[in-house]
Amino acid sequence: MNPVNYLFLAALLFTIGASGVLLRRNAIVVFMSIELMLNAANLALVTFSRMHGNLDGQIIAFFTMVVAAAEVVVGLAIIVTIFRSRHSASVDDAGLMKL
Amino acid sequence: MSFPLLTAVAVLPALGAIATAAVPAARRTAAKWLALAVSLATLVLAAVVAFRFDPGGDRYQLTESYSWIADFGVRYELGVDGIAVALIALTALLVPFVILAGWHDADSLEGEEGPNRRWRPTQGFFALILAVEAMVIISFEATDVFLFYIFFEAMLIPMYFLIGGFGDRAGPHGEEETAKQRSYAAVKFLLYNLAGGLIMLAAVIGLYAVTADQLGEGTFSLQAIVEARQAGELTMGENTERLLFLGFFFAFAVKAPLWPLHTWLPNAMGESTAPVAVLITAVVDKVGTFAMLRFCLGLFPGASEWATPVIVVLALVSIIYGALLAIGQRDIKRLVAYASISHFGFIVLGIFAMTSQGQGGATLYMVNHGISTAVLMLIVGFLISRRGSRLIADYGGVQKVAPVLAGTFLVGGLATLSLPGLAPFVSEFLVLVGTFTRYPAAGVVATLGIVLAALYVLVLYQRTMTGPVRPEVERMPDLRKRELLVVAPLIALLIFLGVFPKPLTDIVNPAVEHTLSDVRMTDPKPEVEAAK
Amino acid sequence: METSIGLLVAAPLLGAAVLLCGGRRLDRVGHWVGTALAAASFVLAAVLFADMLGREADERSLHQHVFSWIPVGGFQADVAFQLDQLSMTFVLLITGVGTLIHVYSIGYMEHDERRRRFFGYLNLFLAAMLLLVLADNYLLLYAGWEGVGLASYLLIGFWQHKPSAATAAKKAFIVNRVGDIGLSIAIMIMFSTFGTFAFGPVLDSVGETGEGTATAIGLMLLLAACGKSAQVPLQSWLGDAMEGPTPVSALIHAATMVTAGVYLIVRSGAIFEAAPTAQTAVVTVGAITLLFGAIVGCAKDDIKKALAGSTMSQIGYMVLAAGLGPIGYVFAIMHLVTHGFFKAGLFLGAGSVMHGMNDEVDMRRYGGLRKYMPITFVTFGLGYLAIIGFPGLSGFFSKDKIIEAAFARGGTEGWILGGAALLGAAITAFYMTRVMLMTFFGEERWRNAPAPSPERPDVEPVAQGGGEYEVPRPHESPRSMTVPMIVLAFGSVFAGGLFSWGDAFVNWLAPVTTFEHGHPPISAATVTAATVVALLLGVGLAWLQYGRKPVPVVAPRGSLLTRAARRDLLQDDFNHVVLVKPGEYLTRGLVYLDHTVVDGVVNGTAAAVGGLSGRARRLQNGYARSYAVSMFGGAAILIAATLLMRAV
Amino acid sequence: MTTTLLAAASTSTGEAVQFWILGTVAVLGALGTVLMKRSVHSALCLAGTMIVLAVFYLANGAYFLGIVQIVVYTGAVMMLFLFVLMLVGVTAADSLKETIKGQRWLVALCGLGFGILLIAGIGSAGVDTFVGLGEANAGGNVQGLARSLFTEYVFAFEITGALLVTAAVAAMVLTHRERTERRLTQRELAEQRVREGKHLPPLPAPGVYARHNAVDIPGLLPDGTPSELTVNATLRERGQVRDVSREALADLAALERRTGEYLGRNGTDTRAVRGAADVRDDVSDDAPDTDEGRAGDGDRDRDREAAK
């Protein structure tokens, strides 16, 4: 098989993740979907690094992970705070922008 | 580098505006006096400019030139030719009278509470007037297209606040409705001019692109472009030139309201106080016609020639249309506004007649119309401030109770209908002759305008001033000292320029010759000489 | 001597400036100042006249270049004066009659608190009129032309509190403006043809251009003349102009201003000679107007309006003569001068009558006044004899010559014109006699209260309890009024004889306005005889109708023609239907159009944009997820774009 | 495994097999993450996918990343998720019913379009020759990463470090709640209870009058009705309250009746029966919402005490 399939898989996962972000109202699940997207991206990066035979792709993937970790920490903290304040983790309820 | 005189003329009122705005709230009268002093100082400086200007000298004088935004070749370039000098003088001359006439206009807003209470109205009013003066003057001086554009647009900001913020209460339909109308007028003014300005901006950028494309690095400098064009280095494509021309012309046609882009003027002049109305029609709008002369003709001679027939027709329509609508008005201020539209038609006609008489006449017309409209409008303002109504029908027999007011009003009116001996006659006749020598038919049609002018002026005078005295005007006081001080000098000037316009023509003529040479036009030869 | 020409204009101008700007403190002396300055310029004129007589015929034309007025490119307008015999004649007439009328006004306006301003306006008029006749180019003449128009506007509307006066003034000015279009267009044509509009060059080189141009200029000048001189079709304002104070009617609307048209035509004679069509137009207008005015004059019961009609018709004679070319110019001017004397006299007389009759103007309420105001009667009578052309009085000489010249035009045209002129003479005799009889003879109809009449619906009969009617006490006017009348009467008696004494006037004017003897198909004696017969006929008819049987106080309904004539032969109605009404509709329509269409388009656009954004607003529903969807879609589109880019 | 890392256009069949199997798992896991009703399940699915991805990393020669993936993601991040889920409420299952009009269709459209385009893009990218990580990983994958990480990416690395610190601080700041008011004393708490009309005396022990004293059997009140209060709240939560057997109730009722006849008064029987019925529905509808039940029991007991 051609390793490019990894890329197709990545694309698939990314799309699923994106749809998840758009479909789910529970902030935590939305977050998970984002993680899914990030991971898909990482997979692609890793595959690229293999494709081009240098490690930069992996480096970027590494950074992605770190940043993702940071983002998760902050994001979840925010979710918790929101949940505390309005007893709901639904992204639709956080609608102060709404007219 | 000698003393930057032109910058000084423009900057002085600007500083004055800031200073006036900074006057503490309690010291209202001080602010008024400060503003008046600054405007008079500006007048002095403008006079110095006029004297330092040598009609026989080269085209642009007292020039200043610094690089401003080097990356886009934008320069801070100032320079005046005869036309600019005349108009700067006009502006500097009118503003003190505007300030004096508007001495008490902002008082009613002081101590205003509730929704429409404003922050230090008096200081604001006079500061804004000075700001407008500064911007108008610098846009008369700018020889860099971009610089001009900036102030051409910036002018709108203070004007917007002057119109929207300080209209008089004397509306025909009660205070509530008047306030609504006023904000409508202000917004309309802003939108119309912004629309024009934005289209012009596109053209300005286009111009830059063309120069950058052809001259290596782009420039906005009027002189540079004109020289390049005359040297044959710069040759715009026919369509490009026409599009750019239209872009510029549209903006100027809105500013100097040309039919059918005129409808903002009656609202703006109707709703704002008389001094502001004078500022609009006598000073700000002149920038439009001035720019037609300096930029449209200077930058796009070919396109100007191409567009002339249409523009001449539009000008004729404006003349007749404006006059007819003036006859049909019930509101004195709107009447004056429509009269102005008719006069702007004459100015544009003169400019595009492409004859020395036409353009010289147009330039004189700008000055004379400025003065005559100022006289008429300010007196109308005094009249309205006495009776508190703008409707013609509410007056009658004023002449009996306030003869001086009526007399000066009549003089203003006669100037508006361009009676010989008063300044506007000179310019109007020059425009007519200039037009006739190139487009006889247009000249004849335009001549009808003088009958219609007589009609609306005299009907106005008859309805308001003559006839039996109406009870409402019985107690009307005659002109006060301050008001007479405003009107008398202007009338004197009208008569002087009507009898002896030579000083003005001497300054203007060479500039007009230059403009004509830009468009490569010469006056048509008289038939008989041609025969010889 | 040249340098002093400007003073002629300057003196009354100074007076006007002083009186109008002087303020109330001049109220006491104002009228004296005005009169003095008018007189001053008359004296100066006389001096200049003497000086001119002292010189050879061909050196009599003086020029004074004061300053360059409007120098723009090839357009050079100067303030420069030209004083030749023609101008001199006018200057003398204007200053002379003007001064007399100043004097007269001192008495006439005694009780008016705005007398100072009145004299200011009179001086302004003198200045403008002198400028008109002294100008050496058409543009300066135009300035004077409009100036007199302004003065007449101010003076007609002098009693501004009377709406009728204000309206009449406005009407006069606007109708004149219509004429002014002609003058200004004429000047434009001159400039574009000759490159100048100074009398000398234009009139010399008019031959070099085509007849078409000349005709155009001529017709335009004629239009101007019609406006100023109240000729058909622009005559409608003169009747209403009688709303002004009587001295004004005498000076402006009889003696001087209304004759400016004649001056213009005579001055531009060369142009008309180069354009026969234009000449024909001129004579036609003249002929029509002289009949028109005469007919109107017959029907009016208002004494001033009757005289106005007669003015119209007399100017018709002048225009007719001026249109005849070299054979007529001189007589046009001659009639103009004599008419200046006797018509002014008649008006002053009328004024004096009104003065004594509590400003009553309806002749049907006069009658038998000769024994109450003898001086007025005599002077008025002399004027009357002069105007009907009673042999030996000035009117006779001038009018007779014009009729002769009219016949001399030759061909059927000559016969028609001559006939019209003769008929006019007869009618003149008729209506003047009518005026005379109704005013000074017959029973005293003013003794009992007025009854409403179709002419004057305003007066309500005393029967159903109106105000108490106090019987007027006719009395002779003060000396300041009678003296000018007497002087003018002298003028109207002797001027004609003086002028035709050895063709003095002809020789005087000939160098300026070329002159040649006309050769009528019938001998001069016959013409004279015919004239006399015509005038006797007219007088006789008038006597039959107004002398023999008493004049009814309430005007009879009268024949169709009479009723039409009372309404100025329906010309006002005509203007109203043809011009005023459509104009009103047009303006109303345009106001509506401007609001709905021109403005509507803009407002419509604004509304459309508003609505659109209202719709678009719905997209911003505040759900983070739907924003995310749009982002996602955007990303998809971006990819598609890149793919396409690569595909291309 | 090293073989696969050499330059090649295709991989070993082993890797192929592994890819197809695990790839399916990964996709299923992803779908599960998105579609599961309870977020706990989503979390678990995600974890699964991540592990699969870790394997793929290893297969792609990214050994370090593979490990990091397992440690950081499946280890740290997913645990974090689960903790938060606990905080928010494990049992909470959110409905998948869409509230925004047309959202679903839009998502479907965009998702399909996006996916297809992306895959088409990759397909058209024409990447068939793989350099492979042979020489890149020659000096060892970790060393290689470390080298470039601390040489050319050192700056980015430092910044990332700063980011992490900031994130940690941020998390603390966000979640830490400053106590604004003074801690309440015993007395105040008691007063508060009184004010709120809560159950004042200590709760009764379970198993009173019971056949046996198991904790999951409610004690009976004097009239024989079981009092939920006596059962541990957690058990109540879980709905694991065992009820007193019917016959016991029946006997109790009979005894009551007899004593009633003996004493010559009646009326309590009905009460007893109703009580029995009460137990039924009490138990049944206590499960879903706890507060209601507790409150109801609270005041019922109270009027019992009043009767005593």
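Every chain is named by a letter (A, B, C and D) in the order it is written, and numbering of its residues begins at 1.
In this section, contacts are C-beta pairs under 8 Å (C-beta built on N, C-alpha and C of every residue); 3 or more make two chains touch, one makes a residue touch a chain.
In UniProt terms, the chains line up like this: A = NADH-quinone oxidoreductase subunit K.
Owing to the predicted nature of the structure, the values given are computational and were not obtained by experimental measurement.
Looking at A-C and A-D, the interface holding more C-beta pairs in contact is that of A-D. With each centre defined as the average position of its C-alpha atoms, the distance from chain A to chain B rounds to 63 Å.
Chain A and chain C, compared by their mean Cα positions, are separated by 96 Å.
Chain centres here are Cα averages; for chain A and chain D they lie 21 Å apart. Put simply, the C-alpha centre of chain B and that of chain D have 76 angstrom between them. Counting only residues that touch two or more partner chains, chain D has 100, 103, 106-107, 110-111, 114, 118.
The set of chain B residues touching two or more other chains is empty. Residue numbers of chain C whose C-beta contacts span two or more other chains: 621, 623, 625, 629, 632. A list of each chain pair in contact follows: A-C, A-D, B-C, C-D. Interface of chain B with chain C (complex): residues 188, 191-192, 259-260, 262-263, 321, 324-325, 327-329, 355-357, 360-361, 397, 399-400, 407, 414, 419-421, 425-426, 429-430, 432-434, 436-437, 440, 443-444, 447-448, 450-451, 454-455, 458-459, 461-462, 465-469, 499-502, 505-506, 508-509, 512-513, 523-529, 531.
Contact residues of chain A toward chain D in the complex are 1-9, 11-20, 22-26, 28-29, 31-33, 35-36, 39, 42-43, 46-47, 49-56, 58-59, 61-63, 65-74, 76-81, 83-84, 89-90, 92.
Only residues 621, 623, 625-626, 629, 632-633, 635-636, 639-640, 642-643, 646 of chain C touch chain D when the two sit together in their complex.
By the touch criterion given at the top, residues 20, 67-75, 79, 139, 142-143, 145-147, 150, 153, 157, 160-161, 163, 165-167, 169-170, 173-174, 177-178, 180-181, 184-185, 187-189, 191-196, 205, 208-209, 213, 583, 586-588, 590-591, 594, 598-599, 602, 606 of chain C touch chain B in their complex. Those residues of chain C that touch chain A in the complex are listed here as 617, 620-625, 628-629, 632.
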